[in-house]
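Next up: some structures, all given as C-alpha cells.
One chain, chain A, appears in both complexes that follow, with chain B as partner in the first and chain C in the second.
On to the complex of A and B.
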C-alpha cells in the first residue's frame, strides 16, 4: 500500500467498484478501501463467495453484482478489504484502520462511495433483542446463509421489505405477517407520480410479482398499520400494532423492520462538504453535481451515499465519478469525459424515473419520525427517551446540537448514527420548526471510535 | 431465533461461545455465529443493564459489542470467526458475563 494515490475510493459496493474499474483502466494509481472482508457492498454482499444455490434464491437483481465484481477484478485497481476509514478532511487525507493499526493516506482525488444505511426509526421496544433491521436479516442470509428458524414478523415501509419477505419465502422461512406502516393517503399522494414511474416499469412489475407470490403463499399482508411496538420481558416476545381501528398482537421472538434507507454521510460531513435536507427522500445528503463533485475540490460522491437512487444507478454514478476524477487528474480531456459519460448520464436519469413515485408511496409518516410516545428510547447508546429530548427543547435548547450536549443523546459509541435523524425530527416537532432548519449533528473525526492503542500506532508512525 | 441453512458441504470452525464449544461456518461474523446458536442477547447496557443483541449487522449501531478473545467492546458483526476463538457476552462497558 502506498502513502499517496492519484485516486482513492472509499467503499466497495457497486458505485466504488464501477468507479475504480473505469478509472484504473487509464493507468492511474487507484485503490479501493472497504470496511468489509469481501467486495460487493451491502447490496451485493458475499457476491464472490456465495454458494450458487443461495445466490439463486436471492434473485436476479442480486446476481447482477457478479458482473461488477468480475470487471473490477480484471482492472488494475488495488483493493484493500477490512479497511475502516475513520476520517477524511478537505485536504483529501484519509485516516484508515487495518488490523488495529491506524495510518493516514493522501490522494489527489477521493470518491466517497459509502452507500446507505437503514433509516433508524425509534418505536416502543425497538431496543429489545429480537428486534432487528431488515437489512440485518438480509446480511445474515447473503453472507452466512442464516435465516429465522422460528418465524418472523416484517414491518415498516419500502421495497426491501417485500423483497426480503419473498427471499424468506423461497428459503422456507415462516413469515408470520408483513405489516406495512405507510398510511393509505400515501398511495393517493403517489398517484400523480405514477405516469413517470411507468418509464421504469420493470421495477413496478417486480414489486407486483413479489406481492402476488406472497399472497399466493398465504402470507398475511396488512396495510395502513400504525402504533407498531415490540413487547417482552427483556427480549422480544410479541409485536403489537393497530390495523383497521383494532389493536392486534402477534407472538414472535423476531421482528425485522425497514423504514427505507438513508445515505451514509459521516465522512462527507467530517470533511466539511455541504449537505442539504432532501424533503422527498427524508434525509440529509451531500450536495453534488451530475459528475459527483461536492463543493470541496477533489472530493466526489457516488452511489447511495450521495442520495438514494438504488444499486443500478450507483453503478452508473460510479462510472461518472471515475471519469470526472480522470478529467481532474488531466488524464482525459473534457470532451472525452463528456463522450464517455453520455450513456451513463442517460442511465442515471432513467433510473430516477421510479424514485419520485417510490419516495411518495413509501414516505414515512411524521408520527413515526417524531414519536409522541415519551417513553420511546431515541438514543440506543445512552438510553435517552423521547420525553427527555422534548423536555430539553421546552427548556430552551432548540437545535439538535444543543440538545445533544444537553442530554448526551448521540454521544455514545455509534456517535449518533442511530438517533441523529430522530432527534432532528423531535426537536423540529417540539419547537415548531422544520427539520431543514435543525441541521444534523456536527460530524467530527474520528467518525468511528478508535481505541487509545489504535491511536498510539498512528503517533508512532508519524514520529518515525 | 436464527438457523444456518444446510447448503451442501459444511466447512466449520470451532469457537467457544459463552463457555460452550460450538461448530460454526468458516468466514461468518461472530454476531452471525451467536445469533444462530441460541443466543437471544449478546450484551447488557452500561446505563440500565438491559439486554441487547446485534441490530444492524453492518457496523453502524454498536449494539453487537462482545468480549472476543478476552478483549471487550469488539463489534461482533464486523469480527469474523477463527478456529478456537473465545466469544463471551459483554456486561455493561467491559467484562464478560458470568455463565453467559
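On to the complex of A and C.
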C-alpha cells in the first residue's frame, strides 16, 4: 500500500467498484478501501464466494453483482478489504485502520462511495434483544446462510422488506406477518407519480411479483399498521400494533424492521462537505453535481451515499465519478469525459423515474419519525428518551446541536448514527419548525471508533 | 435596541457579567453571532482547576473556587459540578523537584491549596495508576462541571433577571457618538452608554476598533472522548512534565485533553483535527493507565479559544475609552474563573473598582 494515491475510493459496492473499473487504467494509481472482508458492498455482499445455490435463492438482481466484481478484478485498481476508514478531511487525507494499525493516506481525488444505511426509527421496545434491522437479517443470510429458526415478524416500510420476506419464504423461514406501517394515504398520494414510475416498470413488476408470491404462500400482510411496539421481559417476546382500529399482538422472539435507507453521510460530513435536507427521501445528503463533485474540490460522491437511487444507478454514478476523477487528474479531456459519460448520465436519469413514486409510497409517517411516546429510547448509547429531548427543546435549546450538548444524545459510540435523524425530527416537531431548519449533528471524527491503542500506533507511523 | 450595558459575546464570560450586573438592577443586552455557548464556553473540558494557576490568577481563582462550591445559590443549578480534586503526578525525581518548587512558590504567596503528596497517598487516591509514579501535587478542592449546562444555567438565571440575549447577531463594528456606543450588527443597530467586550477569540477586533489592539492569538484546542467506562478514577489527572489532562466524567466517559491544537482556518471557523498529536496523547494516556488500551475513542473536536502571549487574560477598563471594558483572552482556562469574572467586572463597571487585584491583566501590558 502506498501513502499517496491519485485516486482513492471509499467503499467497494457497485458505485465504488464501477468507479475503480473505469478509472484504474493507463497507469493511474487507484485503490478501493472497504471495511468488509469481501467485495460487493451491502447489496452484493459475499458475491465472489457465495455458493451458487444460495445466490440463486437471492434472485437475479443479486447475481448481477458477479459481472461487476469480475470487471473490477480485471482492472488495475488495488483493493484493500478489512480496511476501516475513520476519517476524511477537506485536504483529502484519509485515516484508515488495518490489523489494528492506524495510518493516514492522501489522495488527489477521493470518491466517497460509502453507500446507505437503514433508517433507524425508534419505537417502544426497539432496543430489546430480538429486535433488529432487516438489513442485519439479510447480511446474516448472505454471508453466513443464517436464517431465523423460530419464525419472524417483519415490520416497516420499503421495498427491502418485501424482498427479505420473499427471500425468507424461499429459504423456508416462517414469516409470521408482514406489517406495513405506511399509511394508506401514501398510496393515494403516490398516484400522481405513478405514470412516471411506469417508465421503470421492471421495478414495479418485480415488486408486484414478490407480493403475489407472498400472498400465495399465505403470509399475512397487513397494511396501514400503526402503534408498532415490541414487548418482553428483557428480550423481545411479542410484537404489538394497531390495525383497522384494533389492537393486536403476535408472539415472536424476532422482529425485523425496515424503514427504508438513508445515505451514509458521516465521511462527507466529517470532510465538511455541504449537505442538504431531501424532503422526498426524508434524509440529509451531500450536495453534488451530475458527475459527483461535492463543494470541496477533489471530493466526489457516488451511489447511495450521494442520495438513495439504488444499485443500478450507483453503478452508473460510479462510472461518472470515475470519469470526472480522470478528467480532474488531467488524464482525459472534457470532451472525452462528456462522450464517455453520455449513456451513463442517461441511465442515471432513467433510474430516477421510479423514485418519486417509491419515495411517496413508502414515506414514513411523521408520527413514527417523531414519536409522541415520551418513554421511547432515542439515543441507545446514552439512554436518552424522547421526553428528555422534547423537554430540552421546551427549555429553549432549539436546534439539534444544542439539544445534543444538553442531553448527551448522539455522543455515544455510534456517534449519533442511530439517533441523529430521530433527534432532528423530534426537535423540529417540538419547536414547530422544519427538520431542515433544525440542522444536523455536527460531524465529529473519528467516523468509526478506534481504540486508544490503535490511535497510538499512528504516532509511530509519523515519527518513522 | 437600548440598554444600560451591551455585552458582545454570549459565552460564559459575557453571561456571568450580565448575570451579576442584572443582580444589581442593571439592564443588559448580550449579543452573540452564534448561539450562546457555541464556542469555547460550550465545548470546553469543564475543568475547575485552581492547581497550577499563574500567580496573578490565584486570588481570582481562589474566589472562583469558593463560588463554584456554592454555584447553586448563584445560578439555581449545580451545573453538575463535582470536586474530586486535581493531581499532577511526578514520574521521576526531576518531576518531583519541579512540583516541590511550585508548592513552595504558592506557599510563599500566602496560599496553602497546593500540597505535595507521596507515593503511598497517590496510589490510595488513584489505585488504577501505572506503578512507576513517585508522588504528586494536589489541590483537593478542584473538580469539573458540565460546560454547556453551566452556560445554560448562567444564561437562564440572567434572563430571569431581565437580561436580553440576541443570538445569531453579529456585531460588525462599534462607534461612539456623544458618549453613547452604537453597534452595527447583522440585526440592526444597538446602542448603550457602556460596552463590554467578551468576544473570546474574536475580541481583538473590538480592542482594535477602540485603538488598543493586543497580541491575541486564536487557537483550536482539541479534546477527545471515549466510550463510557465503569468508574475507575476520581481526581482530574495531569502530569508534571508530560502533556496529560484527563478525567472521567459523570457519565463514565473519559475526556482527554492536554493543550493540543488542531489546524485552524479562523476566518472560516473551520478546524481540522491533528491526529498525529492526538495519537501522542493516546500514547501518554496508555502509559499512565495501560488498562485503557482497548477503550474506544468515540469523538474528537476542537474549540476556538483566544490566547494571550503570557497565557493570562485581559481584564478591566479600556485604556482609551472610559465607558468600555474588556474580559477576554482566557488562554484555555477561563471556565473555572467565569463566576468571579462576572463579580469583579460588575464591581468595576458599577463601583469603579474591583475587590480583587486585576492590574496584571491590564490591556496595556504589551505596549
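Convention: the second predicted complex is superposed on the first by the 463 of 464 C-alpha atoms of A that agree within 3 Å, B and C clash if a C-alpha of one lies under 4 Å from a C-alpha of the other, contacts with A are read in each partner's own complex, and residues count from 1 in each chain.
Definition applied: a contact is a pair of C-beta atoms (placed from the backbone, for glycine too) under 8 Å apart; a residue touches a chain by one contact, two chains touch by 3 or more.
In this text, all values refer to a predicted model and were calculated from it rather than measured experimentally.
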Answer with clash or fit: chain B and chain C placed together on chain A by superposition. fit
Going by the contact rule set out at the top, does A:445 touch chain B (first), chain C (second), both, or neither? second
Which partner, chain B or chain C, touches more chain A residues: B
Is A:143 touching anything from chain B or chain C once the two structures are fitted on A? First, second, both or neither. first
Which partner does A:185 contact after superposing on A: first (chain B), second (chain C), both, neither? neither
Could you tell me the angle at the CA centre of chain A between the CA centres of chain B and chain C, given to the nearest 10 degrees? 80
One more residue to check, A:339. First (chain B), second (chain C), both or neither? neither
Does chain B (first) or chain C (second) touch A:382, or do both, or does neither? both
Could you tell me if A:35 is touching chain B, chain C, both of them or neither one (first, second, both, neither)? first
Please work out whether A:51 is in contact with chain B alone, chain C alone, both, or neither, and reply first, second, both or neither. first
Of the two partner chains, chain B (first) and chain C (second), which one does A:276 touch, if any: first, second, both, or neither? neither
For A:67, using the defined touch cut-off, is the partner it touches chain B, chain C, both, or neither? Pick first, second, both or neither. neither
Chain B and chain C, closest CA-CA distance after overlay, in Å? 5
Please write out, lowest number first, the residues of chain A touched by both chain B and chain C across the two complexes. 382, 412-413, 449, 451
Across the complex, what residues on chain A touch chain C? 87, 89-91, 95, 102, 104, 272, 382, 395-397, 399, 402, 405-406, 408, 411-413, 415, 444-446, 449-453, 455-459, 462
Spell out the part of chain A that touches chain B in their complex, as residue ranges. 35, 37, 42, 49, 51, 53-54, 117-118, 120, 127-133, 135-136, 139-140, 143-150, 171, 234-235, 253-254, 264, 380-383, 412-414, 417-418, 449, 451
For the complex, which residues does chain B have touching chain A? 1-5, 7-8, 25, 27-29, 32, 35-36, 40-42, 45, 47-48, 50-63, 65, 73, 77-78, 80
Using the touch rule from the top, collect the residues of chain C that touch chain A in their complex. 35, 37, 42-43, 148-149, 152, 156, 225-228, 251, 253, 270, 272-273, 275-276, 278-280, 282-283, 285-286, 292-301
